[in-house]
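So, here come the structures, one by one.
Shared between the two complexes below is subunit A, which has subunit B as its partner in the first and subunit C in the second.
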Partner chain A sequence: MAAEAARKRKLRRRRLLRAGRHAILLGWTCVIIFPVFWMISTSFKDAGEWVTWPPHWLPHQPTLLNYAQIFAFGTLDPTLSRQATEQAFTIWKGLGDATLVCTTASLLALLLGTFLAYAISRFSVGGKYFRHTILMIRMIPPIVVAISILIYYAIIIPYATTALLGVRISMFDTYVGLVLIYTVTTLPFVIWMMLSFIDEVPYTLEHAARLMGAGRIEVIRRIVLPLVASGMVVTFLFVFILNWAEFLLALTLTHPQVTTLTVLLNKFQSASEGRLYGPQAAIGTVVTIPVVVLGLLIQKHLVKGFSFGTIRK
Partner chain B sequence: MTEANTTLPIPTLNANSRPAGGLVRWLASERVFRLIPFLLVEGLFVLTILVPFALTIWISLLKWRANRPFETARFAGFENYEAVLTTDQFWLALARTFYFAGMAVALELSIGFVLAMLVSKCTQSRRLYTTIFLVPMMIVPIVVGYNFSMIYIDSGPLNQILAPFMEAFGVDPRIRWLSHPIAAQWAIIIADIWQWTSLTFLIFLSGFAALPRHLVNAARVMGASPWQTFWWIELPLLKPAIVIAVIIRSMEALKLFDPVVLLTFGGPGTSTQTVAYFLWEQVWVFNKFSFGAAASIVLLIIFSILIFFAIYMLIGYRRRVEESAP
Partner chain C sequence: MAGIALKNLVKSFGTYAAVNGINLDIRDGEFLIMVGPSGCGKTTTLNMISGLETPTSGEIIIGGRVVNDLEPGARGLGMVFQDLALFPHMTVFENIAFGLRVRKVPAAEIARRVAAAAETMHIKPLLTKLPKQCSGGESQRVALARTIVTDPAVFLLDEPLSSLDAKLRVDMRTELKRLHERLKATFIYVTHDQAEAMTMADRIVVMSKGTIEQLGTPLEIYNHPSTQFVAGFFGTPTMNFVEGVVEICAAGARFRGAGLEQALPASVGVKLCERNVVLGVRSEHVIIGGAAASAAGTARLLQPLGDATLVHFDTGEGKSLVAKVAPNTELAPGLPLRFHFAPEHCHLFEATSGRRQS
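So, the complex of A and B:
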């Protein structure tokens, strides 16, 4: 009898513990969902509902006006343009530039990084601690890089080219300049992620192929690349997300010629016009969705990228 | 480890290979081939990191403002460095950055640890929770800043939620999140916690998953209480994960910039100016290029010490992870 009662008490205690655990986890789930929900909800609100007391949790008169405004082509239709927004805040320029710059920079970094990772993994190029020294580039605060790159792009290169070639060439606010700096800042991530994939390819495979008469480049193309292809896709997506989310370098080194999405989003707040919460929320939603989808696809590998291979999955 | 393999004799004569040009054959030869990617990447780094830094040092020694032609610049020695080191704002911004990073990282670590512990005990709902908890990490930081700027409005949803609690304690429920100095600091810290707890959660979750079950079970069989198992078995085994989370998060948290621009613009006054924001304002708003160059060199020196320390620890822990691998 006593044993029965003790078991029952133990069972009840365990059930209580599980309930408490789920209560805490559900609480954090609410904390996470709340800002995202608020953004999506605001993106469907008209100007009158952006700031009210009490706040409207769901738009009372849902409207697609914000989306129509950011996706408008050319000059704004008078019905779409709000008094506050004389400028055409369309997303197309930002979307196009961000896609172009991020794709090019990620592909370049992937190409260079993969081959360097191969060289590090197979030949220990650059010494034993080379893979760690590469990390330093990632740890330098981007503002320090931004200042020196600004001086380089906007002052030294135009000055030097005028003196030497007689033509003023500036790298400031150009696609090439931004792609170059994005490639450099994401290379450490590519090298680290690709190292973890290439280290797993057995060297004996390559050696066998070499003995059978395949050339170096053929070994890479026919043996190594197919084996790390999925890893390359994951790395590309990870780096793409990083570039897509980058703000400081884009803000400091570009605009108005090149405008990425993050810079565009920032332009919506100006002292004179107040904040355009609705269109901003619509852009935020549009920017967020592809990244979250991509991120969830490579969820398993995220820890590899962020922890530089120090955590084993 | 692979070094030994490469010294094995590899036949250089093969019948199948097509006759290639001299340049291609030279490039594919053992000695040259391994250096091509290395030289390419190193060249890129030198061109985009080292050269600009050298030029930054040179600019930092000049007396020149961007609104005047470059030819009028004159050599000024260490004048700019003196100006940086005697500017209170620089040191205050630096101290504030460390304060924000310390607060945010400490809270992210504790929340992430508790969440990972609870989720690792779940069986059915584990994947669902993991997926939801990872979402903040993938949202673009600038969008996070924007989301919070909307929530922090004086008549916004956060104050509405907090109002009943505040009124119960007799506090004015209308917290001015973005215009009160201390509230604004916490507004930025909270936004950072919201986003990056997911990373510490992820690191700790893989730490918990890698715990050797037999050790925990053995302790339980020997009659250890759950608390004893946690304190004496699990926590010491999780130490590498904790150290790595601290290093990775603090290095990122010290770069804090995006939420400051989106939420407060460094204000009210200078109460939320981080060092990144301070430098940005000096160079891009006030055009003080040589001051900014000197300040960024000072900042780089301060950070290099931290970076070397962080990398030294990462190397040590990575080696330990490799040794413990099966």
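So, the complex of A and C:
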């Protein structure tokens, strides 16, 4: 009887523990989800509802005005632009710049990183610990580099080119400048991820191909690249998201010519009305969509990518 | 068609010499098997012939031409790898066609030659499948078809059967031997399995610690092992070894050691007198019972093989030996027995160097 009671007590305690754990996790989920919910909710609110007390959890008069404003073409309809809005905050410039910069930088990093990873994997370039050293580079906080890069881009390079070539070339606020810095900062990730995929391709496949008369380049093109293709997709998406969400470097190294979405988001400020929460929330929502979609895509490809060890040995 | 010569071939990794000065002439059309324990340098030697490994020093000559600086693909070799190395993202057809595609052979010719190779290896129904859909034996055939399609003069095979189960392995031995007879190409085959070497080879190279221990036909190596290592490596069960001394008396040479006294063949000369030696005798030459049985022992374990039975027994001084006897033996564990060695089948090796002495 005593044993039976003890068993029941134990069972009840376990059930309580499980309920407690779920409660904590649910609470934490709410904390995480709330800003996203608030952003989406705000994106459908008109100016009057942005800051109210008590807060309107859901817009009382839902409006698409914010979306109309950010997606507007050409000069804004004065009724849409609201008197308070002194500038036309449309998404197009930011979207275009971000897409251009992120795609170019991610592709460039992928291309360079794949070949670097191949060299490290196959020829032990840089010695035994090089792969770890590469990852360590990423541990430096971006702000540390941001200022020094700014000095290079805006002062040293223009000065040096003027003195040496007679032409002033500035990297500050240029697509090339931003693409370069994004390529460099994401390269360690690409190398690290591609290493894990390339290491999985057995040496003997390459040996077999070479004995059949294929040169090194042909071996890479016909054997290695097809086998790591899904890995490359995963890596590209991962790096693309990193670049898409990057803010600090873009903020430091550009203005006013190149404007990525994250920088654009920071500009929704008007003299008369303060922060323009509505359009800002609308852009936030729009910008998050590709990230979520890519994230879901990654999930699908990750399964394929990481079950890669199934190459028959 | 091409013979291969290796001249003072050395491969060192740092201070470790994987291959330590090998000289070898491989005849045109020969089935040569390199055999030895793991780390004896046989695969390294094969990789140097293929060009995947660069020799530290020495020369590799294929068909009269020094090929040291030639790319692997330019040496006119075909190779089958231990893990087969089929390209997992290509169909069987594309796997076989790969060597022709990189040589820019016209498509119609590729189709014809792949079909012919598939015909030879009996894998025509597999052509549209992926390697992962093929069984072990099928993959093996695909790997062979991929090699024969480019019509190489020399085939290099690096333990190609090690991934197969025991039965299939024995079947594939016969098939490989037939293939060799059909193609009349030079086959260089690496294995650590002495049975594979015995059954397939024209000649066997036994390697140990980066050097050649012995080169000869399978029967030469089995019947006249030149070192104790070779003697111990070939044959199942392992040859019996007994340490002792050679004595010469009026009746001829005798061996004494581990409580045994054994007559030796007449060929054992006076120069071995009083020398420390290791006597080696195969289990089938340990004779139990009979008039000549001079030593006593106790049976410990019986292993019936069907066509024969292995008797593990201890000598009076606790030395453990194995005899192969007829399957209907009346011996049982614990029973005493008397035995002797067939004198004409006793091998004598020097105790320190392991070199053959008789």
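The rule we apply is simple: the second predicted complex is superposed on the first by the 268 of 313 C-alpha atoms of A that agree within 3 Å, B and C clash if a C-alpha of one lies under 4 Å from a C-alpha of the other, contacts with A are read in each partner's own complex, and residues count from 1 in each chain.
Keep in mind that, in the parts below, a residue touches a chain if its C-beta (ideal position, glycine included) is under 8 Å from a C-beta of that chain, and two chains touch if they have at least 3 such contacts.
Model, not experiment: these values are computed from the prediction.
Residue contacts after overlaying the shared chain place A:237 against neither subunit B nor subunit C. Once the two complexes are laid over each other on the shared chain, residue contacts for A:276 go to neither subunit B nor subunit C. Of the two partner chains placed by the overlay, only subunit C lies in contact with A:227; subunit B stays clear of it.
In the superposed pair of complexes, A:65 makes contact with neither subunit B nor subunit C. After overlaying the two complexes on the shared chain, residue contacts for A:193 are found with neither subunit B nor subunit C. Legend: residue contacts after superposition of the two complexes on their common chain; A:211 is shown touching both subunit B and subunit C. Between subunit B and subunit C, B contacts the larger number of subunit A residues. Touching of subunit A by both subunit B and subunit C, each in its own complex, is seen for residues 207, 210-211, 213-215, 310-313.
For subunit A in complex with subunit C, the residues that touch the partner chain are 202, 204-205, 207-215, 218, 222-223, 226-227, 310-313. Contact residues on subunit B toward subunit A in their complex (touch as defined above): 2-3, 5-6, 8, 10-11, 14-17, 28, 33-38, 40-42, 44-45, 48-49, 51-53, 55-56, 59, 70, 111, 114-115, 118-119, 121-122, 125, 129-144, 146-151, 153, 155-157, 160, 194, 199, 202-203, 206-207, 210, 240-241, 244, 248, 251, 254-255, 257-258, 261-262, 275-276, 279-280, 283-284, 289, 292-293, 296, 299-300, 303, 306-307, 310-311, 314-315, 317-318, 321, 325.
Looking at the complex, you find that subunit C touches subunit A at residues 50-52, 71-74, 77-79, 81-89, 98-99, 102-103, 131-132, 139, 146, 150. Against subunit B, in their complex, subunit A makes its touches with residues 21-22, 24-25, 28-29, 31-36, 38-39, 42, 51-55, 57, 112-113, 115-116, 118-119, 121-126, 129, 132-133, 135-137, 139-152, 155-156, 159, 180-181, 183-184, 187, 203, 207, 210-211, 213-217, 241, 244-245, 247-248, 251-252, 261-262, 265-266, 269, 275, 277, 280-281, 284, 287-288, 291-292, 294-296, 299, 302-303, 306-313.
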